[in-house]
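Consider the two complexes below, in which chain A is the common component and chain B and chain C are the respective partners.
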Partner chain A sequence: MPEEDSKNSLKKFGKKIVEQTKKGKNPEIKLPLRNLSNIIYDKKSRTLTLGNKEGTRNFFNVAHAKKFLQTIEVASLIKKELLNTGKHEHLRGVFYMTKRTIPGTNVNLVDEQVESDKAIEDLEVITGLSREQLHVSANKMGSMVGNIIIKDTGDTIDCSKLGRGGYSIPSITDELSFSKVNADYILYMEKAAIFERLNEDKFWKKNNCILVTSQGQTTRGIRRLLQRLYEEKKLPIYVMTDFDAWGFYIYSVIKYGSIALAHASEKLTIPGVKFLGITADDIEKYDLKKHLIKLNDQDIKRIKQVVDYDWFKDNKDWQRQLKMMKQMNAKAEIQALSSKGISFISEEYLPEKIKKKDFLD
Partner chain B sequence: MPEEDSKNSLKKFGKKIVEQTKKGKNPEIKLPLRNLSNIIYDKKSRTLTLGNKEGTRNFFNVAHAKKFLQTIEVASLIKKELLNTGKHEHLRGVFYMTKRTIPGTNVNLVDEQVESDKAIEDLEVITGLSREQLHVSANKMGSMVGNIIIKDTGDTIDCSKLGRGGYSIPSITDELSFSKVNADYILYMEKAAIFERLNEDKFWKKNNCILVTSQGQTTRGIRRLLQRLYEEKKLPIYVMTDFDAWGFYIYSVIKYGSIALAHASEKLTIPGVKFLGITADDIEKYDLKKHLIKLNDQDIKRIKQVVDYDWFKDNKDWQRQLKMMKQMNAKAEIQALSSKGISFISEEYLPEKIKKKDFLD
Partner chain C sequence: MTEKIKAIELAKKQREISISEFFTKNRHLLGFDNPRKALLTTVKEAVDNSLDACEEMNVLPEVIVKIEQTSEERFRISVEDNGPGIVKQQIPNIFAKLLYGSKFHSLKQSRGQQGIGISASVMYSQLTTGKPTRIISKISPKKPANYYELHIDTKKNEPEIVIDKEMDWNKDHGTKIELELEGIYQKGKQGVEEYLKQTAIINPHLHLIYHSPENTKIEYPRAVDNLPVEPKEIKPHPYGVELGMLINMMKESKSRNISSFLSTDFSRVSPNLAKELCNKAGISDKTHPSKVSREEADKLLKVIRETKIISPPTNCLSPIGEELMLKGLKKEINADFYAAVTRPPSVYRGNPFLVEAAIAYGGDLPKEDLVRVLRFANRVPLLYQQSACASTRSIIQTSWNNYGLSQSKGALPSGPVLILVHVASVWVPFTSESKEAIAHYPEIIKEMKLALQECGRKVSSYIRKTVKAREQKEKISLFEKYIPELAAALSDLSDEKKSVIEEDLKKILKKGMKNLLAEIAETKEEK
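And now, the complex of A and B:
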């Protein structure tokens, strides 16, 4: 029972505090720092992770007391209301559940959601459990179709029989089990519109793959789902985004992780994922120049940031892509492929790229 | 075959133009005006609809020629590439498919998506078909669970057996068929987080209902799905949003339609839908005062707009709600109910409100 592990970790954490208190000590919590100075891009594992700098938080310290209390309160709530009942709650709900006035004072335990969010992150690094294992979720987003059968809370969900809609991915995917997977790879795309095109064309059936989409940034639920399929079912994953700095970044988050979630890298990043397109070379090759969109100031600013991220910096293929983007002074959308014919993407572009393994790493 | 009707409407439209041309006339298109002066709030049917002002667009008129061509081009593309093949395309894809240089000139047929979008709207009012019937879609969004079995492209989808994720609603829902529906009502909510709470609590099973959510504004696909279930299956629909002007507006769009889509009201609005909460009275009754959030400038501006919309203006219950919102100078989120207990919403709030028919109309 994985829930038992989570409960035990929280129990252990609570016991430590109780023991310190009984001994008359100033209760303290030790935890890894999560600020930028302690976030490291590990060139070997190619992921963003936390370094080993630690901080201490004491109860009898005016600067620490409130955060100390918040961490304990959230830990208690998660244990009692979520893990013990098997229920899950969203970050916003946890905030409302935590928000109360400390008895005998005018002080609220938390005033803003950022405080309960931070307390949950604290618990993640203290216990080594992910937020999902603590039963706390965030956005629900995205869809999946293909030859995969999932089991969840007693239901058997065959994602090859869900019409043009598909399976609506829950915010927490850690507890799904994969009872049958028959696919050669996963195609993940930034845009739901492309997902609908490929699903209507039965691309997944003809090419024996699984299609997954969100809209914009990839949720943790989807990242974890992709990672689990990659690791447990050894499925290659190809990512399709627009040809712009935002699209490239979406890819990099799936692959290497993000600064904000460096502490959760282990459970979210997928170093083996590949970028399928749209690339600068696709623009040439598939004659999409007519459909380029001029970069605006925000695009240019974002390119400058992305170029300098460690995980793009040491990769000459990506530096070349970003350089070409700047030289063209333009970006392009996946949908530009529609100009070559409504099903050009499913009948020519994708089969050719995948056959030739024309990916970026 | 509903597709045949759509094809015939477009054929009829094309034939008229050809006949005019053959007779040596200046080809013209007559169509209802879609500007504000021709958008009417019909107090009787309580929907926003187009009035009977008409405009004429001529081919031999420098001010009309380009729009004329765009409408014809989009009509031809929809007939040939979409209706004839049975495929569907998103607005953005139609734009890329339309975007080409007029032979022998330097002029692009369309430069911006807004032009192809307008041409599609023209076709809607000319033919009386909805955009969906023309096989053109927009956002895919939202999820559904409950005792409903859907048929789509040969698949049978049982929405009571999709675990914690649910059915991912496609962007076009006109072509779904409902093979079995066993529910007393539909509960539609603005927030996917609440949907996950209710689904985890098996609220739909215990209360024999269907749960539907999007995130923020309701897509056309969801509005059409709700409308069809309301009309074909006679299911009451209750809407749950935050207590703020944006939430009230989400409700009003489902019920009365929107200015931008007044021409499509007939196929989208659901006059019988009811507002369940969060109301100003709920704040008092369920002791949520502590969780009110102060109005910001945008909220106040939005309240002023909403108060003056015709469909809120003539309704004293809504005027009272908006007045109380201004007096409290505060808004509240659905999630505030979590402060009363994680499953308070599914075990107390909703059953009580529904039992007492404590709705706003």
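And now, the complex of A and C:
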């Protein structure tokens, strides 16, 4: 029973703290720092991993007490309410399970979902268990269409027969199995609107590929799904995002991993993905200058951050892209391609880029 | 023809306005607008006079104020001091002749300025009750006291002596005034008691005893045994003189020529400067002052304003001082923290002045209200027209939010705070003759704000410290509340007994209290 392993890990964690209290020590939790200062970009494996820097969280420390309590309480709730009963709960649900006022104070144990989310991430790092193993799921935010048949908890789903919406990717994709896959590549895009456009144009049928999207940042479930398709079915993956620092970062998360989930990189990153567009060169080549949007302060700040990330720093191509973006002082959405005609993207832009292998790495 | 007749008609109506009529019509100018204020003004004028008299003679003042209700709207007020007393011949003039006094022509920091105060009270008493004012005054233990009962001849503005006799008075020297008037006795912020309390704060060398109409005796003890430094009298500075005053001064001058008039009757005018001023104004410096025409005087004034003249001497001012302000406040106001600031002297329109401010925080002061403001001019409390006063404006214009007090825009700050502002000057500019609010001279407001800001800085560091201490306590108590929660969660997680974990945690907290407090201090500093 996988639940038993998870339960035991949590119990072990609890016992360790109780040992400390028995010895009269200020209870502490040691955990690797999960911020940029402790993120190592491993050039060999091309993934982000956590470094050795550890933080100590003490219960009897005003700055830590509440976080300490949050972590322990979330752990005990997961053990008692989810693992013991075999049920799953959503991140939002965990937040509501935790949300209450501590008796005799006007302090809420958690005020925002970010806090319970962080506690769950802490537990992943502490116990080595994944969120999925803790029976916690996230929002379903992505869709998939194409010549692929999936088995999901006993159901067989043919992703070529799901109309305009496509297959709604669950937040946990570890247990899916692929019955049949007939595609040359996967096209992943940041924007659901473009996904709908391409699906309507039956782009996947004409080009024999699989289309995947999520709204904004790529969820863990989608990243895991993409990784599995890449590794198990050897499908190349091309990523399409907006031409801005946020879009570039979305690509880098799929490829190298993210700062917040560096501890789970192994199961999520896909070093072989390629960036299809939109690039600064596309803007020149396809004459999109009229549809640019001026950079705002946040965009400029984000460019500065991204330029300095280790996994962008040594990459001449990306440094050039970001430099050109700054010089243009502008960004562009994928939808800007529609200005060339409603099906320009599916009939000209994508086929041409893929044929010429006009990608960034 | 007809016009002449009209003039005759008019002439029949034209007559000298009697002083009493003038008084009745303009009583608001002098602080007698209503029965409440009349009572307070009378006490105030009498006490001011007593204090000035004592200080002039270098006697530590001991003042007894007594108010008795004689009928529903009538009160008998008596004020007794241990001052130098008044020579017999002067008594009727001082008390029963309006606009008689020694202070009007001098430039010296003193409480009274116009010499209108006490005789106005005598007039008011006479108008409302018809009763004479009684004066006892004694100037030496070797001489008997003089007793007078006085009226004012309201047509001639002359004293009318009802009784004049010698009597025994078991006091070495001093003066006592007793008069009866129509009034209303008021408690609260604009009442006699508040006025006396503030007087005691700002005059820590005063021993004051007050018998109220309710038959209670309140004693305001003396906090210091030395008198304030006696302010020096100075001559007016040329920048502070106006045309009418200049012409009057020239008429009354004993100097034989205009140049010596300028250098002897004004401060900071040397004989050379006097000659220069005359030359520039085109007046021969040999001209007799009384022969200078109005036009020439006007020209002279213009020249004075255009010429750079050094500021008047400021040693004529007698501040209360930071230490004494604190002593005065501490004995009358129960607070947790006090701070006081005395600014260096400054000058407005040729008049030297200086500003002092003090602040009290916490203790018995109400937490939610707007701050209490005590305003003083030359050691006299100002109880009316707070919103019209320069000190109020200065307080409002200071950003108290920076100093840890809450303040809405355009309002006084709020919190358990008392703010004291004192202006000392040879000539305090009031907004009206009733001397209730200080005029808004930019120079004065600037000095007030500087003094207030310094008080603000002092109080803010205190507030920060107390707030910090309170927060620390709260945080520790927070741990106590967290312990059962943590114990319950840990028990679920580890299957160990909740009560055991809870007891262990409590022990750790108890043991580590000191270190925790230090930790809190550290985390605070980092932020």
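The rule we apply is simple: the second predicted complex is superposed on the first by the 248 of 361 C-alpha atoms of A that agree within 3 Å, B and C clash if a C-alpha of one lies under 4 Å from a C-alpha of the other, contacts with A are read in each partner's own complex, and residues count from 1 in each chain.
One rule holds in what follows: contacts are C-beta pairs under 8 Å (C-beta built on N, C-alpha and C of every residue); 3 or more make two chains touch, one makes a residue touch a chain.
Keep in mind the model is a prediction, meaning the values are calculated, not measured.
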Looking at the overlay, what does A:K99 touch: chain B (first), chain C (second), both, or neither?
first
Quick check for you: in the superposed arrangement, does A:Y251 touch first (chain B), second (chain C), both or neither?
neither
After superposition on the shared chain, which partner residues are touched by A:A336: those of chain B (first), chain C (second), both, or neither?
first
Looking at the overlay, does A:G165 come into contact with chain B only (first), chain C only (second), both, or neither?
first
According to the stated criteria, A:F195 is in contact with first (chain B), second (chain C), both, or neither; which is it?
first
Answer with first, second, both or neither: which of chain B and chain C does A:H291 touch in the superposed model?
first
Just checking: does A:Y238 make contact with chain B only, chain C only, both, or neither of them? Give me first, second, both or neither.
neither
Applying the document's definition of touch, where does A:S76 land relative to chain B and chain C: first, second, both, or neither?
second
A:I157 in the overlay: touching chain B, chain C, both, or neither? Say first, second, both or neither.
first
Which chain, chain B or chain C, is in touch with more residues of chain A?
B
So the chain A residues that chain B and chain C both touch are none
Which part of chain A faces chain C closely enough to touch in the complex?
10-11, 13-15, 17-18, 21-22, 24-27, 59-63, 65-66, 68-69, 72-73, 75-76, 79-80, 102-105, 107, 109
Spell out the part of chain B that touches chain A in their complex, as residue ranges.
81-82, 85, 87-90, 92-93, 95-97, 99-100, 137, 139-144, 150-157, 161-172, 176, 192-193, 195-197, 200-201, 215, 290-291, 333, 335-339, 342-343
Which residues of chain C touch chain A in the complex?
475, 478-479, 481-482, 484-486, 488-490, 492-496, 501, 504-505, 507-509, 511-512, 516, 519-520, 523
